[in-house]
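Quick one: this structure, given as structure tokens, is what I'll be asking you about.
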């Protein structure tokens, strides 16, 4: 990653920065390392040797976790549900944000305010009316029901974020496009979207994660085993009295993999967006 | 901002907004409005149980009558404390890290990924994990502190009513720091390089460059982050629920409006009482408190938008 | 049947087909799927066995068991039932947990089932308006557990009075052994201690009086119970305020502390899982004077209720009937090492703690609950939340036992009818 400064005089400051960043990196990596190490220990070893290296790595934990948490089915569902929902969110929110951030019309602040109000609506309160609505729309126990809910719920946050970025795009580009006869959608698709790629990538990553890890909505709106998602599968390790930590961590390690893939993909978008910005 | 006369028609922009608006209104606003009405009833939440109209009695109970009012205002105070902590640790520290990332030549990619990694595990698992690490006897944190001789710092983090709330907030920040860092980074990077380089040639040092050049441009994003911190502070629930239970102990020291709501509406540990009516009133009050402030934040944000 | 056919034939259009009476529930021999929900995911195997038994009885029932973590159970259950999509059979907590569904006509009375293995006291805990609404599946009991090896090594015997208990703890402490593991971070664990001590010290009469409003929680007798809990704090492990109950259990199970106060459910799931060779002993909270009666706080954990809106009522009732059988109870006891509701069950000698708990439950139970599963549980703020939080404040030295008791009383008086004066 290119730094803005090439001045060698200021090397001490840079070392200082690395120190701060590095220390924080340790604070992040250590617990995650503990988690990984724990995933290959036996339950007894977790008590006797919680932080050390495992005496006999139990890779079988991964196999067991895969089976007990029914990963074969749940993984597929999680991927489908999360990717579709994220795409839907990006699509709906970016279209709305583009308008709210750049088009002056009387109701603009009111619509924007309406979306912003959603940021403070508490989550679990409205679960019963929401359930009744989904039931009446015959969307219970269907993935599409969840996709619609996730999209609707994510609008405040996504629009909040994207609108700011859309606003910061200089108008010259739009004006040039209009002169060439481009319609609104073309401008949106060809010019605006690529310019806010870092923001889109950010929204995508955070929504992906949020939905990937969401446990409550699938629990309430899905019934069939074959539609369930990974977080619900993980809950099997949380017994009423005792938690099966080793298997839980193994299952988590498995479920983080796609997240890492998406993150790397989004990072590329992020950086691509930066270079595009430079060409501005 | 221009008005489009060409294209799909003067009001084509409604088509752009429509999907988002429709889904949002149907699946978020409508259920919420529906449950607001519950605030005027006394209802246990069990379907079929009688709903008794009590008008504003629930609101009175929350805002004025002990013991509820005591719990409400205490929780509210805690939410404010959380906001202050988030300002410092999330926006403040996050922006600092983002800025540092713009100043270093190598390792940026690595740091970015690492800072972001905690966000990949759910908040529930984060809570469980840190519960283990913060255990006063077996936990890694105290273990490490004792090893390097800082015994006096090996405190009962989650058991002391003065330490519990900041500790829980710190864990929340650990989980979510990736967000302000990424947003801050995206914002700082979109500052045109030529402007900065010109100022540098004129003799400005790093700090001056940040405060005088970068900061004004990223101000809308900073205000965004602050606004999100505010809303996050008032919506905080999951991490406390996982680490301290619905009872938000010890001795209510981690009680927030979210945990108070959950306890009221669905019952706490070992309890079978549920009061959806009261819970709904509580949620509405929380909502009404937060709304004016978040609207003010969005106004501020628009005001400080600088067109480059 | 013929009459109705004639009437319908005359009254409506002329058809050749005889009208059939409406069938609100599926006939028992048609294949039926029964949805069973529980906050105990660990009971999955139990219900697989139940399905086998029911099929062997000729019932063509497939059971779909759904175990939901207890922290989410209530919200998921209530939501589903509000939408008419609730399960056919589900677990309800005893006391007001069952009452609230019965009151709202969401569950059916089960008086038609055979309850011959159940004490009336148990059935009362899941009753409403004189009818039984759930089949109690477990009775939980509380007691002091101790590590026999530590006791023997230090020549300690089971204390016969409270003072003796304190002396024992002093002796252990002097030898550098932590006497008691306390998970004070979990407020509910502190409440359990109050339950256990209160069972011996307060008794049925006090509890009955409290419920009737003749006495209350500011009463010196209750304050004394809190004082005793406060006394215990100097014998707990370091930083016990930040220890969760599960960590306290680990400390006890790994021999780091001599005693712990816990429920019978912890024996198999925690202590013996951690150390299968552990030799456990137990004693109920000792009385003030040696020889005075000791009592055990025993409460019905929950029961199986039948959804009144179930579309397969017949099958649901059959399943409920099966849960009332001694066979089911035996399977429950064998699988979970807990005390089932039905008392016609044999406990093997290999489970001495369980046998002792059952014996104590039969001989010296507290019959009137005053904290968990009591009427004080059903309003907001409920006794568990209030007592738990105030105990945490007391143990941190922020309030005195007297103040803690008064705070609890004040909270309850804000809604409990008999206390509103």
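Letters A, B and C mark the chains as written, and numbering starts fresh at 1 in each.
Definition applied: a contact is a pair of C-beta atoms (placed from the backbone, for glycine too) under 8 Å apart; a residue touches a chain by one contact, two chains touch by 3 or more.
Just so we're clear, the structure is a prediction, and the values are computed from it rather than from any experiment.
Counting C-beta pairs in contact across B-C and across A-C shows that the higher total falls to B-C.
The most central chain, judged by C-alpha centres against the centre of all protein C-alpha atoms, is B. Taking each chain's centre as the mean of its C-alpha atoms, subunit A lies 16 Å from subunit B.
Distance from the subunit B centre to the subunit C centre is 37 Å, each centre being the mean of its Cα atoms. Chain centres here are Cα means. That of subunit A falls 40 Å from that of subunit C. For subunit C, residues touching at least two other chains, in rising order: 75, 78, 82, 250. The residues of subunit B that reach two or more other chains are 45, 138, listed in rising order.
In subunit A, the residues touching two or more other chains are 124, 127-128.
Subunit A makes touch with subunit C in their complex at residues 43-44, 47, 124, 127-128, 131-132, 135, 140, 216, 219-220, 223, 235-236, 238-242. Here subunit C touches subunit A in the complex through residues 39-42, 67-70, 72, 75-76, 78-80, 82-85, 246, 250, 254, 265-266, 269-270, 273-274, going by the rule given at the top.
Taken together, the subunit B residues at the contact with subunit A in this complex read 1-4, 6-8, 12-13, 16-17, 19-21, 23-32, 34-35, 45, 96-97, 100-125, 128-130, 132-133, 138, 140, 143, 174, 179, 182-183, 186, 189-190, 192-193, 196-197, 200, 206, 220-221, 224, 227-228, 231, 234-235, 237, 258, 261-262, 265, 276, 279-280, 283, 286-287, 290-291, 294-295, 298, 301, 305, 307-308. Across the complex, subunit A meets subunit B through its residues 1-5, 10, 13-14, 17-18, 20-21, 24-25, 27-32, 34-35, 50-51, 91-93, 95-96, 98-100, 102-105, 111-130, 133, 148-149, 151-153, 155-156, 159-161, 164-165, 167-168, 170-171, 174-175, 178, 181, 183-185, 188, 198-199, 202, 205-206, 209, 213-215, 231, 243, 248, 252, 256, 259-260, 263, 267, 270, 274, 277-278, 280.
Taken together, the subunit C residues at the contact with subunit B in this complex read 71, 74-75, 78, 81-82, 93, 95-97, 100-101, 103-106, 184-188, 191, 237-244, 247, 250-251, 372, 377-386, 388-390, 392-393, 396, 398, 410-411, 414.
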